[in-house]
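The following pair of complexes shares a single chain, chain A, combined with chain B in the former and chain C in the latter.
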Partner chain A sequence: MKVEPWVVLSFCSVIFFIGLIGVLIRRNILIILMSIELMLNAVNLTFVTFSKQLQDLGGQMSVFFIMTVAAAESAVGLGLVIALFRTLRSVDTDDIRFLRE
Partner chain B sequence: MDISPLFFYGLAGLAIACSFWVVFNRNPVSSAFSLVLVFFSFAGIYALLDAHLIATLQILVYAGAIMVLFIFVIMLLNADIPSFDLARSHLFVKCIAGFISVLLFGLFTWVFQKSPNSRALGPFTVEAIEASGGNTQVLSELLFSEYILPFELTSILLLAAIVGAVALAKRKLAGGRF
Partner chain C sequence: MSTLTTIRPELLRLSQDQVGVLTPYFLILSGIILAILASVLKIFSPKWPVFILVIAACGAGVSESFRLLDQSPVLLFNGMMISDTYSNFFNILFLLAALFTSIISFRYLDREKLQHPEYFILLLFSALGMMLMASSLDLIVIFIALELMSIAVYVLVGFRRADRRSNEAAMKYFILGSAASAILLYGVALIYGATGHTQLKMIFTVMQIHPESTSPVFMLGAILVLIGFLFKVSCVPFHMWMPDVYEGAPIPVTGFMATGLKAAAFATLVRVFITMGYGRGLSEILQHRVHDLLWVSAVLTMGVGSFVGLTQTNLKRLLAYSSIGHSGYLLIGVIAGSKSDLSFAPGVFYLSIYAVMNLGVFIVLGLLSSRDDSGLNIHDLAGLSRRHPWIAFSLAVFILAMAGIPPTSGFVAKYLLFYSAIQADEIILTIIAVLCSAVSVYYYLRILVYMYMMEPMGSPRLLRVPLWTGFTVAAMVVFTIHMGILPAGLVDLARKAITSL
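Let's look at the complex of A and B:
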């Protein structure tokens, strides 16, 4: 029994779409950030799988840079969450409606 | 690919179950801890795929740094109360999200399965990497030769992120709303 590359790639897309569903249906901003991390991880695993399949290390270098961007993104995102919580006393995206009023 | 099916399917099943738990759970703290499990199973799959440096970085950066940041913010904000936001989102939005996801997943799987592997293979076979000192050494040599410009640009990105995070999370600026 062998694991074909397309099985690993399909597994990546399962995780990616679970993350996408999380971004679309959740209103808690912390959970939305976690779902974005899930999606980034799925893409990283796709890069590593292709890197293994095509015997090219460019994919693993891309993962290296994506990890840096993800770390920066979550630091700034959580800074935004703290600023939001200080203003609204809530982490719910339904409460953000300064521009609507 | 010559990876162990037992370990791959075990880790993949764990990752899928835990990511469902992340998304459909009411308590942010247990979401965060299942996300840690997802990161660990991803690290296991990276190790199976011979990406040893990436597997280590996954544990250090994701399960170490990013998750500690998440849990720290949850505790700081006292946001570890159950949130019943799933019941509030419209059934229509849920159906559309599920439908689009299943459709696109089917499309992706079909494309991955059918697409011909016609690209020329690169020079980095398992034996070549072993001969030149292992995954970490080969990646480091690439990082400081071919990818030196993106590597240096990363430092500017990190500086901008530090300044941005401090400016956002700081106490009130004079007169400003935040």
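Let's look at the complex of A and C:
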């Protein structure tokens, strides 16, 4: 079965926006981190699809770099969550209100 | 599958002059590696060796970049990076910001009992990310450099681990920053899909040959990339993170963010704009969309920066709003740059002037603050001129420069910026900018009123100014006044940097 590129691309954009909405409305920091990963992986899939469609390897190369950066980012993110949990005893964004808005 | 076959082995080898222009980057990288090695040696306390290594790497990098300032442009790594006057100009700026931040951080970290060598290493990593970002010609390289710069700064913002405010600031900055990076990256992916390239010059060529490739997909991609950049320079409506992050971050880090990060993001934005042919050769529709988007953002940014700043009493938050306002003025430089005969030079000049005065303010605030970054309310400045006339004087010079009052450098910078905006027929924008600038003078002058006209409250704490910090501040004051009276040298340099693009 052949999947049309536009199907995959629309799928990617849906995943990307699910991630974006997740970052904006979810209250648990761990779920927000997962949403950011979702956004980055939607981008990866977009790159791969375009790469296949354009018959150009550049897009697939980019995916490796993005995956590496995403790994570094989530490592730092989890570190920050642990540091925050030590002082705040919570991973809920509603409790993050020490700085005046 | 054309990419693999087009890679020729001679492109993977570096020629003599390519190695030559890469020296600043190699110096910083070797500084980082040596500092990491020195920090794990348990024989002696790692604090001095790491500090000295970082200072030496920054100093050597600055002198190398000065040497390369007049070099003709050299393309590197298959056209993914370039070393020209523009990139070396900004390398000097970033490395000086890192150098001064390290110098003032050393005593700060001692005071806060946070003397970990990782601080300086992260600072250097961030500076390396900025250097790579301002000299890259490929959207993927820009993304990686942006992340290298940002991830290091996320950690630096949260460096006061036991302090809840610092943790909160780091978390907010991390979440919003990585979401913005993901948006930028999605834009890159869409541009790649529309044109088949991630290299800026190739994208421009494709757009020239096939104007129809400026499809909705490309348009959306370009706008998403722009949103990513607007977030990094904290333009309205993507500015919400900035006051919180500025308040929570350790003071030297706040100073570094206000100078280095902002300069890096703007430098890259200008390079992308020029390379993509903004103002000459970019398709009409895209040009209009981008212009309108930037126009609205600039007006809102200046408005928020000057009006919301009026109600702030915490100095760090006040400076955050001032920084948002300055982002708005810098956007004017970007908007007007394509149509005035000064090109983007006023923006570049403004960036370097702004970096010096901002760093100066944060150094002085670092001196005035007490433990845990407290004592930074505007009321704490009351009667400062009587206790410490010289500190008050230098703070006054920096604040006047920020407000844009002659004979300081801030006036010349604003004058050039508004001059180029009028040349580009942006009359309404200029009027709004002048009005916002007049409003913001109110909160700048309030700082001076507190320092010079209020009686001191409570028992004043006596400050000891370390010799090096004193020298640094004095040099910055002299620079700020000197550039207000004789700006021609730096203006010429900024023009040369822009024409090298």
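In this text, the second predicted complex is superposed on the first by the 98 of 101 C-alpha atoms of A that agree within 3 Å, B and C clash if a C-alpha of one lies under 4 Å from a C-alpha of the other, contacts with A are read in each partner's own complex, and residues count from 1 in each chain.
In this section, a contact is a pair of C-beta atoms (placed from the backbone, for glycine too) under 8 Å apart; a residue touches a chain by one contact, two chains touch by 3 or more.
Since the model is a prediction, treat every value here as computed from it, not as a measurement.
Shared-chain residue A:F65: touches chain B and chain C both.
In the superposition on chain A, A:V76 makes contact with both chain B and chain C.
When both complexes are overlaid on chain A, the residue A:G19 reaches chain B and chain C alike. Legend: residue contacts after superposition of the two complexes on their common chain; A:V43 is shown touching chain C, with no touch to chain B. By the touch criterion stated above, A:Q53 is placed in contact with chain B and with chain C alike.
In the superposition on chain A, A:W6 makes contact with chain B only, not with chain C. In the superposed three-chain model, the partner touching more residues of chain A is B, compared with the other of chain B and chain C. Legend: residue contacts after superposition of the two complexes on their common chain; A:L88 is shown touching chain C, with no touch to chain B. Shared contact residues of chain A with chain B and chain C: 9, 19-20, 33, 49, 53-58, 61, 65, 69, 72-73, 76, 79-81, 83, 86-87.
Looking at the complex, you find that chain B touches chain A at residues 1-3, 5, 8-9, 12, 15-16, 19-20, 22-23, 28, 31-32, 35, 38-39, 42, 45-46, 49-51, 53-54, 57-58, 61-62, 65-66, 69-70, 73-74, 76-77, 79, 83, 85-86, 88-89, 93-94, 96-98, 101-102, 104-105, 108-109, 112-113, 117, 119, 121-125, 135, 138-139, 142-143, 147, 150, 154, 157-158, 160-162, 164-169, 177-178. On the chain A side of its complex with chain C, the touching residues are 9, 16, 19-20, 23, 29, 32-33, 36, 39-40, 42-43, 46-47, 49-50, 53-59, 61-62, 65-66, 69, 72-73, 76-77, 79-81, 83-84, 86-88, 96, 98-101.
For chain C in complex with chain A, the residues that touch the partner chain are 1-4, 140, 143-144, 147, 151, 154-155, 158, 161-165, 167-172, 174-175, 178-179, 181-183, 185-186, 188-190, 192-193, 196-198, 244, 247-248, 314, 317.
Within the complex formed with chain B, the residues of chain A that make contact are 1-6, 8-11, 13-15, 17-22, 24-28, 30-31, 33-35, 37-38, 41, 44-45, 48-49, 51-58, 60-61, 63-65, 67-76, 78-83, 85-87, 91-92, 94.
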